[in-house]
Amino acid sequence: MAHHVATPARLEAFSDGVIAVIITIMVLELKVPHQDGLEGLLSVLPTLCLYLISFAFVGIYWINHHQLVHRTEEVDQLVLYANLAFLFCLSLLPFFTSYVLDKKMDSFSVALYITSMVVTGFSFLSLRLAISRRLRHAGRLEAEDKAVERKNWLSLFVYLIAIPIAFQHPHISLGLTAFVTIIWITPTAGIKRHEEYPPRDLS
Amino acid sequence: MAHHVATPARLEAFSDGVIAVIITIMVLELKVPHQDGLEGLLSVLPTLCLYLISFAFVGIYWINHHQLVHRTEEVDQLVLYANLAFLFCLSLLPFFTSYVLDKKMDSFSVALYITSMVVTGFSFLSLRLAISRRLRHAGRLEAEDKAVERKNWLSLFVYLIAIPIAFQHPHISLGLTAFVTIIWITPTAGIKRHEEYPPRDLS
Amino acid sequence: MAHHVATPARLEAFSDGVIAVIITIMVLELKVPHQDGLEGLLSVLPTLCLYLISFAFVGIYWINHHQLVHRTEEVDQLVLYANLAFLFCLSLLPFFTSYVLDKKMDSFSVALYITSMVVTGFSFLSLRLAISRRLRHAGRLEAEDKAVERKNWLSLFVYLIAIPIAFQHPHISLGLTAFVTIIWITPTAGIKRHEEYPPRDLS
Amino acid sequence: MAHHVATPARLEAFSDGVIAVIITIMVLELKVPHQDGLEGLLSVLPTLCLYLISFAFVGIYWINHHQLVHRTEEVDQLVLYANLAFLFCLSLLPFFTSYVLDKKMDSFSVALYITSMVVTGFSFLSLRLAISRRLRHAGRLEAEDKAVERKNWLSLFVYLIAIPIAFQHPHISLGLTAFVTIIWITPTAGIKRHEEYPPRDLS
């Protein structure tokens, strides 16, 4: 009996399941407004926008998560629990999203929302470090892995700055957060130049 | 490290997860009526019907989605985000379904419902275009792909006509929408003649 | 471009996702009672029992579904839509379960519950017939397939009898239903003798 | 037609789906507090903590479940139903978690919570025994399997002791429960010494 914990395939499958549920149950928070016509639609518009942002946020994490897990061929206890911790943080996003909304984007709730994003970002970095540790042992850690890691640290730094700003200027704070998220749309953006149709030596 | 984004397999797995949740959580909207007996059942009947329609709608999209994604062997950033955008639009369907229901199918809510269908149809077309782009590069785009694309454009056109009609005749508008949906029950209907037991050269 | 619709693998994956959500969201119906202590627990006990029954019901369907889909190597449009229809019927089970509960098991709600089971049973039989049709074409339909089909027809017949009984004796009716369900715990029970460790020529 | 019931792969996929839903829908129990600012956050803190504990609990079970199912190459009826029973017990965890919370951790609700953990632990042991039975037949049962089985029995014993204690000292009881859970973070902890990078002869 080898010291088997889990295959990357099952880690991916389980993470996909959890992320699919997280991304979809947020829609349960949308409530049909009491007012009729355009007025009613306008009253749910902020909620719809926030749902869009949260969906994008989770979607971007899903893409980066795949990109990351794909690098490893083995999964140990540390990776497994770092992954669970990351999924836990991500699963709180729908809650903090409705928190901000219920409190009509007051400073405290925005600060809380951004704090939850910092914690999620940190848990993702932990997962990255746990996987890098395995790659280093297998002698497969590359310069680019380290560059993405640095990008991860930098993002966390900007998130941290956004927390105190939230108490004075919640909207600037949300803007900064959105900016950091956008950077991760392309996981390797700012790290190497984009090749349109790269050779597929790894699949 | 190749410029890997995601395998079609994982794209499918994630999309399946999201669609499975979307199609199922709609049932949570069904509420047991207060009245007893047949009266109570009759009062939930419209909701049940709408649930059936939405279920069919999502189911048909699932089939067409599989048919489409199955064509490609590679997935790039564009395809990935077009897919996320499509899933986002689809995930709003349960919300707009209960919207129509709560507003007792008034003109505005029907127009809104159909608009959401137009947007979903457009996001699906975008996904198709993103995948066609890859196929064209790989030299694998076939005449039939283009025919399905034209069918997609045509459907969108009928949907767009249905929006203004909703303000005068909500039921005709819903009928048009249902008609377009039915066309997609067989993804290739109206494009090539049906072969009962075709040879399986691709699986 | 072959007339591809879907692989059995993806049909299974999607069905598993939907069934996993159906079986789990039922738990959201469980509400913490107002009373403290043992009294509170006793007040939720009927709900817990019904949840157990519904869970078992869906679980047994999952096993039989796998057993059935496993038989086929190809999936056509008919199988795909029969499968969607089956999933639709199954997804209504949580709703009709809470219906029975809210109405405190009155005759009408029990009859409704059993009717939904009949419809689900019928949709499952349709799926079986659609798959048998493919097997017949491929020359792979066996005597045992036909025996299971007969068992399916018989179950439907008992269910149908249970509906009118529900109006007079709801509990006998539920008992009959439970009895039919138990028969399907072992998909091939009553069809061939049980072999403890059969050779695995198919996996 | 072999006496096929299910492949371990599909058993895993279905279990993963159910566990992913269980672990995620718990977040729907989190309600945004009425109070603003820090006061509001503090009022939801106990709920957040309990959510964390339940998430960890389900996560640990997921890891141990994978470790267990991975051992087997064949799945029979007994394993299948033991697995369904285990998933049923696990699916009740979100309910009993909110039970404890609603009752503000009174003795009865804590005893109930721990009882549900005992029952879940027992169902997991049953699954282990069902799989061991198969392994024994295949001549693949190893000394370590038996050691983990003993660890499982011991955990159940400590859980059982925790139930009566809950009536006098709910917190000590919860502490004992937490302690047992922690032991299972590493499935083979206390059984063989930890090898950092073991050879992977099984994958």
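Think of it as A, B, C and D in the order they're written, each chain with its own count starting at 1.
Heads up, the rule we're going with is that a residue touches a chain if its C-beta (ideal position, glycine included) is under 8 Å from a C-beta of that chain, and two chains touch if they have at least 3 such contacts.
Note that the structure is a prediction, hence the values are computed from the model and not measured.
Counting only chains that touch, the fewest steps needed to get from subunit B to subunit C is 1.
Between subunit A and subunit D, two chains of identical sequence, the interface residue sets overlap only in part, with shared numbers making up under half of the total.
Chain centre most remote from that of subunit C: A (centre = mean of CA atoms). Rounded to a whole number, the gap between the C-alpha centres of subunit A and subunit C is 38 angstrom.
Taking the mean of the C-alpha atoms as each chain's centre, subunit A and subunit B sit 27 Å apart. Chain contacts: subunit A has residues 13, 17, 20-21, 25, 28 touching two or more partner chains. If you check the complex, the residues on subunit B that touch subunit C are 12-13, 16-17, 19-21, 23-25, 27-28, 30, 32, 36-38, 40-41, 48, 52, 55-56, 59, 62-63, 66-67, 70-71, 142, 144-145, 185-188, 194-195, 197-203.
Partner subunit A is touched in their complex by these residues of subunit B: 1-7, 10, 13-14, 17-18, 20-22, 25, 28, 74, 77, 80-81, 84, 87-88, 91-92, 94-95, 98-99, 102-103, 106, 108, 112, 137.
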